[in-house]
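In what comes next, subunit A is part of two complexes: it sits with subunit B in the first one and with subunit C in the second one.
Showing the complex of A and B:
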């Protein structure tokens, strides 16, 4: 059975069908791409999958359990983590603290042991510190650990967001335009990082992207959305050859 | 590469905390020395407990305003709850528990817990809302609590507890009845268990709890809500839970400050001067001027702004003018971009940061 299955997911915003009958099956370990013109409904699909919006119709299952209707935090605990199109870091917190917030539900100790510095505080904090540094080092952010996250350059902010999402130990990682605003060098480096993350963390990744080189370079399968509807679905090479997709992108 | 700054962070937080504790202890020592040499005026002596009280209030409000990032204008209301609850307890048990070493700690717990319960009761419906609703509702709460306590008559006799909103005589108590809350005249005969040393100890406890909370897992969760609620939810942070924890912890210490206040005076009455919204706003001014989210700054601002009008008493009419000037100067110091960057440039912490930044640029090239 596929890791993520969405069946007929739909949502309407005051008459506008932002997502209409969205179906997808993503197998474990896949690098899956979601593409489409501006306003096609890609981000809305992410918001439906993570419980930010409740679908008007349809359902989604992760690893066999239904996730539609659950709260965002429960969906995260069930195993979906995401990044945002317009970066949402904890801007007034340090780089490492951003990752530690991601580790919140992994290394637990009670509020009281934190206040009174009981042994469990020191034990869990040390473990958390170690794990957070490992994650930061994957993204080459180790030397900026004490920076306020808002002071990081743009490309590094995007990486930090991925590190924070990975910290929650998800089964499925959703990346919303991870290469937006990056120069070609940074994009190439990001492609390597995404592949590396998939291999090292044995991760399934669904990503939205406008950069066709990145999509063609790393995605194994694709879904193309247009006006909220699935236009085409399948192996990357085949989808990108499809005349319908070419028209949707280039116009008539 | 990453091993070097590692120990630095742990040290940085703890070092900053230690400076704060040290500051309080040094202030305590200085005051004790002045007192020992006998050169302290009675005016100054009367200010000592209020200074501790205002510091506790400012630190605890900073937890909501600076760490949680919500605006609360009802801090005096929580203080009022703590003051009344503990005073009622102390007045009733004055004869049964004679030892203040036992009575006062219980009074503290009662005052703090009652205030925290009110914090939770108000927090549950309100913290779900966004924006300014919290400010409006907490403001209203503070005023309502103050007005209720200002007009209630409570007494007890062999038949039980009596309550009325009209007058003492309408309580209809037996001969052996004892009046506890006498309407606008409030509570009479609270044992004066507070003193400067108690105030300092309570301030240190408040600092210990608040600072440790901020540096713990829960504190980070609260700050993540402040910085970006949607992102916090996406990594599994329970919004309601952590907002309530921060809010009730803050109310708890406001209650503690109330206990300190009510046990410093013999008579406790709710007036708009001590528990009204003016008070709440004044605490907010301490927090804002001390730097939002800056715990040490809150204490400094609270002390400077409380002591100043008294110290300047000799200036008579120019007193409030001076006060206003100090307010403006402090505001400029804490928030003018030029001065902030000056401080950061020459501050110790920034020195370390610049060094790291230089190394980073080198790595990139």
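Showing the complex of A and C:
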């Protein structure tokens, strides 16, 4: 069975069908791309999968459990983490603290032991510190651990967002336009990073992207959305040759 | 020497304002709302201690502990039933609800305890300190108030910056949506903020009534509003700001009472609020976010 299955996922805002009958099956370990012109409903699909919006129809299952209708935090606990199109790091917190927020549900101690600094506080905080540093080192951010995250260069902020999302130990990672605003060098580096994350963490990744070099370079399968509807689905090489897709992007 | 005595009294009153201001500032920083019922939680805390000690003859420190627990629960109840249903509503609706809760608490106290002002017996019994041959007298209440305020301030700063629940608070304060998507329970975090703020309100209530021993349903109202001024002056949302703002307001109030006019003292305090809002709306330590484009 596929890791993520969406069946007839739809949402309407007033009279507008923002996403209409969205179906997808993503197998474990796949690098899956979601593409389409501006306003096609790609980010809305992400918001439906993460519980920010409740679908008007349809359902989604992650690893066999239904996730539609659950609260965002429960969906996160079930195993979906995401990054954002416009970076939403906690800009006034340090780099390492951002990752530690992601570890929130992985390490547990009571509020009382936090207030009174009981032994469990020191033990768990030390473990969190270690885990957060491991994640930062994966992304070469270890030396910037105490910087405020807003002071990192753009490319590194994107990496930190991925590290923070991975800290929640997801089964499925959603990346919303990870290459937005990056120069070609940074994009090339990002492609390596995404592949590395998939292999190192045994991760399934669904990403939205406009940069076709990135999409063609790393995605194994694609879904193309246009005006909220699935236009085409399948292997990357085949989808990108499809006349319907070329028309949607370039016009007649 | 008179000036120094007054100054010390000002610091003492200011320390109480600081502890109250903490409640305002934490709730504002994290839930982005002004909890105008905060001052009345102080009054409830003081009444509970009053009933347990003067009424039931309980050990005052045990009474304080019970009062803190009760106020913590009260704060969480208020948050759960009055404010949580309005999460996402316009700030004005929440503000008006807070004023409603404030009147509700005051009038319940009025129903139970009547209009007569109760005389609150200080729970502290330590000797005063006399300096410079008895010219400067520092009362035990003053010392304890200042020490307790400092301990609370330091403890809270450590809690917010160094612990997991504290980090969740900072994350919720900055970006509720992103925090939620990283698995932080926003409702639980806001409830925790109310719990801490209200528990501290009980402490503030006892400190206030130990120094100024008149207890009525209105006890918390004025100090609550002045602490709000203190929070704005220090920079609302900032914990050290609450300390600085509280001390400044306390000193200004006592010195105005002594050297200018006791009737004008409140007017002077509120004039400070107006000036701060005009000149530096973010307060002394207020955070300025610079948008990167």
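Following the convention adopted for this analysis, the second predicted complex is superposed on the first by the 252 of 252 C-alpha atoms of A that agree within 3 Å, B and C clash if a C-alpha of one lies under 4 Å from a C-alpha of the other, contacts with A are read in each partner's own complex, and residues count from 1 in each chain.
Here is the rule we go by: a residue touches a chain if its C-beta (ideal position, glycine included) is under 8 Å from a C-beta of that chain, and two chains touch if they have at least 3 such contacts.
All values reported here derive from a predicted model rather than from experimental measurement.
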### Room on subunit A for both subunit B and subunit C (clash or fit)
clash
### Query
Which holds for A:91: it touches subunit B only (first), subunit C only (second), both, or neither?
both
### Message
After the superposition on A, what does A:144 contact: first (subunit B), second (subunit C), both or neither?
### Response
first
### Message
Is A:235 touching anything from subunit B or subunit C once the two structures are fitted on A? First, second, both or neither.
### Response
neither
### Task
Kindly classify A:164 by the partners it touches after superposition: subunit B alone (first), subunit C alone (second), both, or neither?
both
### Query
subunit B or subunit C: which reaches more residues on subunit A?
B
### Query
Touch check for A:136: first (subunit B), second (subunit C), both, or neither?
first
### Task
Would you please give the residues of subunit A that touch subunit B in one complex and also touch subunit C in the other complex?
50, 52, 72-73, 76-77, 81-82, 84, 88-93, 97, 100-102, 104-105, 107, 109, 111, 114-115, 121, 124-125, 128, 164-165, 167-168
## Note on the structure
Counting only contacts in the complex, subunit A reaches subunit B at residues 50, 52, 71-73, 76-77, 81-82, 84, 88-94, 96-97, 100-102, 104-105, 107-109, 111, 114-117, 121, 124-125, 128-129, 133, 136-137, 142-147, 164-165, 167-168
#### Entry: Of all residues in subunit C, those that touch subunit A in their complex
155, 159, 162-168, 170-171, 174-175, 177-186, 192, 287, 289, 292
### Message
Could you list, by residue number, the parts of subunit A that touch subunit C in their complex?
### Response
50, 52, 72-73, 76-77, 81-82, 84, 88-93, 97, 100-105, 107, 109, 111, 114-115, 121, 124-125, 128, 150, 164-165, 167-168
### Query
Where on subunit B is subunit A touching in the complex?
1-2, 5-6, 8-9, 12, 209, 212-213, 215-221, 223-224, 226-228, 230-239, 245, 293, 353, 356, 359-360, 363
